[in-house]
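As written, the chain order gives the labels A, B, C and D, with residue 1 at the start of each chain.
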Amino acid sequence: MEGRVYEVTRANRARRSATRDASGSARLVRALLKQITVPVSVEENPLALTTHAQSRVNDKDPKGGGCMPSFNGVRCGLVGLAALLALAQPGLAADPGLTDNEIMIGLFGPLSGPLISFGLDPLQAAKMLYEEVNNKGGIHGRKIKLVIEDDKCTPNDLVSVVKKLVTVDKVFMLHGGSCTAAVAAAQDFVNRESMPMAMLNAAGDNAVFPPTRYVFGAFQGTQRVYGAALANFAVLHLKSKRAAVIVHDDDYGNANLKTVKATLERQGVEIVAAERIPPNINDVTAPMLKIRAAQPDVILSGLYPAPAVLFAQKYAEYGMTDVPLLQATQGIPSPATFAKNVGNPDALKNFYHTWSFNDVADEAVRQKYIKMYKSYYPDRDPTPFFVSGLPSALVIIAAFEKAGKDLSRESFVAAMEQIDVKTDIMAGELAFAPDRRDALRDVFVVRFDGTKQTVMPGVYTWNGKDGL
Amino acid sequence: MNTIFSIRDVSVRFGGLTALDAFSMQVEEGAIHALIGPNGAGKSTVFNCISRFCQPVQGRIEFAGQSILDLPAHRIVGAGIARTFQNLEVLRRMTVLETVLVGLTSRVENYVPFWRSAKRSRAERGAVEQADAILVKTGLMPYRNARAGELDFGHQKMLDLARALAAGPRLLLLDEPAGGLRNREIAFVDRLLLDIARRQGITIVLIEHVMQLVMSVADRITVLSFGKKIAEGTPVEIRGDPRVIEAYLGSAGHA
Amino acid sequence: MFSLLLTQAIASGVVTGCVYALVALSLVIIYKSTDVVNFAGGELVMLGAYVGLLALTYFEVSYAVMFALAVIAVFTTGAIFERVVLGTIVGRRHSAHTELVPLVVATVGFGYLLKGLVRAVPYTEEVRRLPPLVSGPPIFIGEAILQRHDIAIIAVTVVVMAALTVFFNFTLTGKAMRATSQNGRAAALVGIPVKRMRMAAWGLASAIAGIAGILLAPKLLMTPDMGVVVMLAFAAAIIGGFTSLPGCVIGGIALGIVQNFVGILLSPQAIAVTPFFVIIVVLMLRPQGLFGEMIATKKV
Amino acid sequence: MYGELPTRSFILIAALLGLGIVLPLLLPEYFLYLGNMLMMYAVLAIGLDLLLGWSGQFAFAHIAFFGIGIYGTALLHTRLRIPFVIGMPVAAGLAGLTGWLLAIPSTRLRTVYLALATYAFAECAQWVFRTWDGVTGGSDGLRIKPPSVLGHVAGTDPAAFPVVAVVLCLMLVATLYLTRSNLGRHLCAIRDSEHVAAASGVDVKRVKIVAFALSAIYAGVAGGTYTLFQSFVNPDVLGVGQLILVLTMVVVGGPGSIIGVLLGVVLIGLLPEALRAAPRGLLVWQEFLYGLILMLAVMFMPRGLWGLIEAQLSVRRAPAKQAVSAAIGTSGPLDLKGTGR
């Protein structure tokens, strides 16, 4: 019964958004009015819906008294109408993908295509945490059931995946997305369907600023966090006065550059060069020469892995290694590989990078999670970037704990908004608020000399304003 | 008989070599004028100049009193000159009927192609009727809806001719219409050419290696060798001309 | 100061240009000898690099052996592709014009196939790099700095180009290859084994692409998507006229330098679009390229 | 082809329209999204086929015109409040104009150079979309407000579905008429032999330019429909990958045949969705699979799947070889009285 009612109301919601007025409640009103004007007994009533609806109304009517075919039928009808409309609120009906012993989560990320490295290990890491929970008996007696999909990190595929999970698999919530642009493409739909969604490991700037009710993300920090960290480290620790910035000419680069500029200018540091280069660049000579000509005393880089390596090589080639080089997290997913690719040890004489995770500071944590990963996927050594799949899963699990036994999408969102957890794996707290949808704002800065990583003292925090 | 078509000392060069060297010929209205010569003598080049696929470095080409050298390729047929091609250039994936309809291009009035209209139906119906008439005449009616690429050699040649005829030309340039045909088919071409010229009064310039055909249909023959005209006259005159024999035998080595 | 910018930009432009040129050479050979534009050229480069990586990391062979293995592997791949795929298409060729579309589409498919193949190998999603051909302290040319590997790239490019020029102009096989492209039927008539020629040409071109892969892997790094470099090679080849071997080397070098100057004088953002802009401009204004004979525009 | 439209094509189109009205009431949004995508791809692919399959020209610039359609419609509607029914045709027209301008210098290029030039143009266009932050929102992307079509607000898949269906049907009818017109025959003639076409009075250059402009308009219209059911666009969706996808649809389905292309759109368009059911290990092989399909298609199906099917259907139409020479000569339909000499 309730299920059916819920179906009706869901259909209504869909139609409302499609601006077609065929809502069941309207039909009910017409029916009830007919009831009043022409009193008929239930048996010979031609309008199945009327009797049906009325009997339903009476079931739900607190006083439960039968309605006489008289003027007080009006009251009765209206009460019934109110009751039925109350039923229509999703809060009262159980949300799909949710039973007393199961929560269905749609988990997705790029499992094929050029950006597979963002998705493969992180997604498996998240999956592993959920299985851990299930092995420990689940949350409030509910086991987590996963529907895993491949979004290729392209807008079209991600939207298609999200729509499948929501309208066909009818999952309770969405957990996925490694590329901000792709997530942003699904954002409107997710909010329209009031479907809670937590990104897997996308930086997510354009999907969390401005915040929207149902979309949570940035569990390893936005580009704004990295930008702020680079800038603040340059100012506070290196005491730099003339900064050069190099980023890509895409959404990550834009966010990063904006923040770096804001943070540095606020603290009176001159930006002597700001270069935006295409991600598929083959020869970084030109930007390198321009930066060298500007004679900076620090270089902040928001580049991706391959260009970051090319840049570091040129930087050493042109004998600029006295100038500190600061690299944002996305450029160095695996420090060892980075060092191997750069080849030239001089390049890392004076090299720092931001890092959102605690595993560098605390070797035990790193080993713990690698061990766990190997126990679940014995045939694969994870790339160090696999940790980026952990925080989102941890937060989601925490939110389920907090939301308690009587779970609903709305109560889950409420729980997410109160989240403020210090996990063992992250550099800082993961927190949300009614007006905040980006989880992590603290990151470490790590010095890396090609062999060993040393965490610089202190945590570098984005103030939530710069670069917005 | 008056001259309808004339070429005056036309020369064509490809890079270094001279394909045509001050070549001239006059064609009488209604005549079948054969153009013969060993391979590579420049016969097809003459046609290509007339249909504006190549540009002579000098000389004049006049048809019905007006010069055609300043017309673009697709205007030539409108001016009344249609041609066929030597090595099969058929519209492989189009049907026989469609091919002939393409041939009718210059005679079908234009219409908006995106929706139906009275004008459209009229134009299309007219075109199809004309096309069918030509298919009957050329014996291709049985293959009306076959793809040109699926026809056998003889029929592809015939289709090429039908397409050219569809334009309703006053001058018809035929490039080896009987090349590679069997005798029975050659006989058919023979009769067809005569019918075209005598009945419909269409002037024909004919490039052909099949001498039996040339000798039986041609009113006049021009002989080309290495881009030069070496002889011109009636079949009888040409048959006995030593220069012609020399050209053929002499060039046999090269060919 | 500016003179330094200038010399450095030119110097490293020349090096990157030579990388483009190597790939361009492979494209031009295929075009000259089989009249096909090979959109899979970039993936052959990529294949060369990854076979090399596999040989070094998995089989742990020496650099020389790796080099040989990679070149052989790519040679065979290219030859087989020509034989099996293009051979089938050409087999039912009616007229050169209408069948060009499937031929080129086939190379597009081939490129995807190779990329997918490498992608399916675990850990290829990480950015990788091959050791340089020669290592050691950098070399100063005036104020400009070059790595020894860069010099090696230039040298190899020049050698390959020279060898090819000799091959095509002075050896019988080379001439035969050109004949097959210019007029297959005629070539067959004078007794040239056309099919084998086409196969050989593809093998040769692929091998060169493989060499390019091994040379540029240390310089531009390796991902399964490194094949995009082919567009720069196309630009280089088109500047050079698409049939002239020295032309495409000069074209490549010109492109490398232009990219650096665009980066310095306009904006690094414009670097990505430069090759495509060059392709359009050259094809519109001077379809025969700066060195090629009139080939781009068709008769009729 | 020639003549009027056969009634069956009208029946098919009526059926399609019917589905456009009915399905949104029955299916979950996911399937409607797929439906919208397929219908959009259908318009896109048919446009590409006009060049590739009908006039035998390479057209890698198609994706750029698609982009102009998307950004044009979206910007006109989002920034200037111009309703879809006006904005979409304007954007499509703009795409057509661009195609026409691109075609003028391009059509003299030989096929492969044409491919390179148009491909380069597509890359340049994508770069412009990515770099022109002020207008297109650059690589941050552009949010599309749900457009209203004659008072009917689209923006969700159920709401957009009927509109997209109508657009597709209009394009289909126009295309069916086009392919049966003299212009349609001229396209084929150019594909099969430019010499014959020119010698028959077809203005080869002009027809080529028209073909370019037309296919650009199709791409623009497809771009317009994109804004009906997508709420966000960024330049990533205008890359080579998309182009190859559409190319695959045409080549596999059947270049030069509308039904064939539709077939290809459905098959290739649903392939990734079908792969979702497959074991996850297979996912990484997708690119390999696409490449393989493309190669096999051009190897063994020169006229696509539909070509094979058609061959099976119309064996009878092909002439029996032995009958051929019989018809010539002997049964020559000319009466020769009075001819000869």
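For the reader, a short list of remarks on this structure follows.
The rule is short, and it goes like this: contacts are C-beta pairs under 8 Å (C-beta built on N, C-alpha and C of every residue); 3 or more make two chains touch, one makes a residue touch a chain.
Note that the coordinates shown come from a computational prediction; the quantities given were computed from them, not determined experimentally.
Annotation of subunit A and subunit D: jointly contacted by C, touch as defined at the top. Chain pairs C-D and A-C differ in how many C-beta pairs they share in contact, with the greater number at C-D. The chain with its C-alpha centre at the largest distance from the centre of subunit B is A.
With centres taken as mean Cα positions, subunit B sits 73 Å from subunit A.
Separating the centre of subunit A from that of subunit C, both taken as means of CA atoms, is a distance of 42 Å. A straight line joining the Cα centres of subunit C and subunit D is 32 Å long. Annotation for subunit B: residues touching 2 or more other chains are 53, 73, 89, 92. Residue positions 95, 98, 119, 269, 272, 300 of subunit C each touch two or more of the other chains. Of all residues in subunit D, those touching 2 or more other chains are 131, 191-193, 195, 198, 204, 284, 286-287, listed in ascending order.
Chain contact summary for the complex, subunit C toward subunit A: residues 1, 5, 8-9, 12-13, 16, 19, 119, 122-123, 125-129, 132, 138, 145, 147, 218, 220-221, 223-225, 228-229, 232, 256, 259-264, 267-269, 271-272. Subunit D contributes residues 24, 28-31, 33-34, 37, 130-131, 138-141, 143, 152-153, 156-159, 230-234, 236-237, 241, 272-273, 276, 280, 283-284, 286-287 to its touches with subunit A in the complex. Interface residues of subunit D facing subunit B in the complex, by the touch rule stated above, are 1-5, 173-174, 177-178, 180-186, 188-189, 191-193, 195-204, 256, 303, 317-319, 321, 323-325, 327-334, 336, 339-340. Residue ranges on subunit B touching subunit D, taken from their complex, read 51, 53, 72-78, 82-83, 85, 89-94, 97-98, 101-103, 105-106, 108, 110-111, 113-116, 120-121, 123-124, 127-128, 136-137, 139, 141-143, 145-147, 150-152, 154-155, 158, 160, 163-164, 166-167, 182, 184-185, 187-188, 191-192, 194-195, 198-199.
Taken in their complex, subunit A has these residues touching subunit C: 112-114, 116-117, 120, 249, 275-278, 280-283, 285-287, 289-290, 293, 305-306, 309-310, 317-318, 333-334, 337, 340-341, 343, 380, 383.
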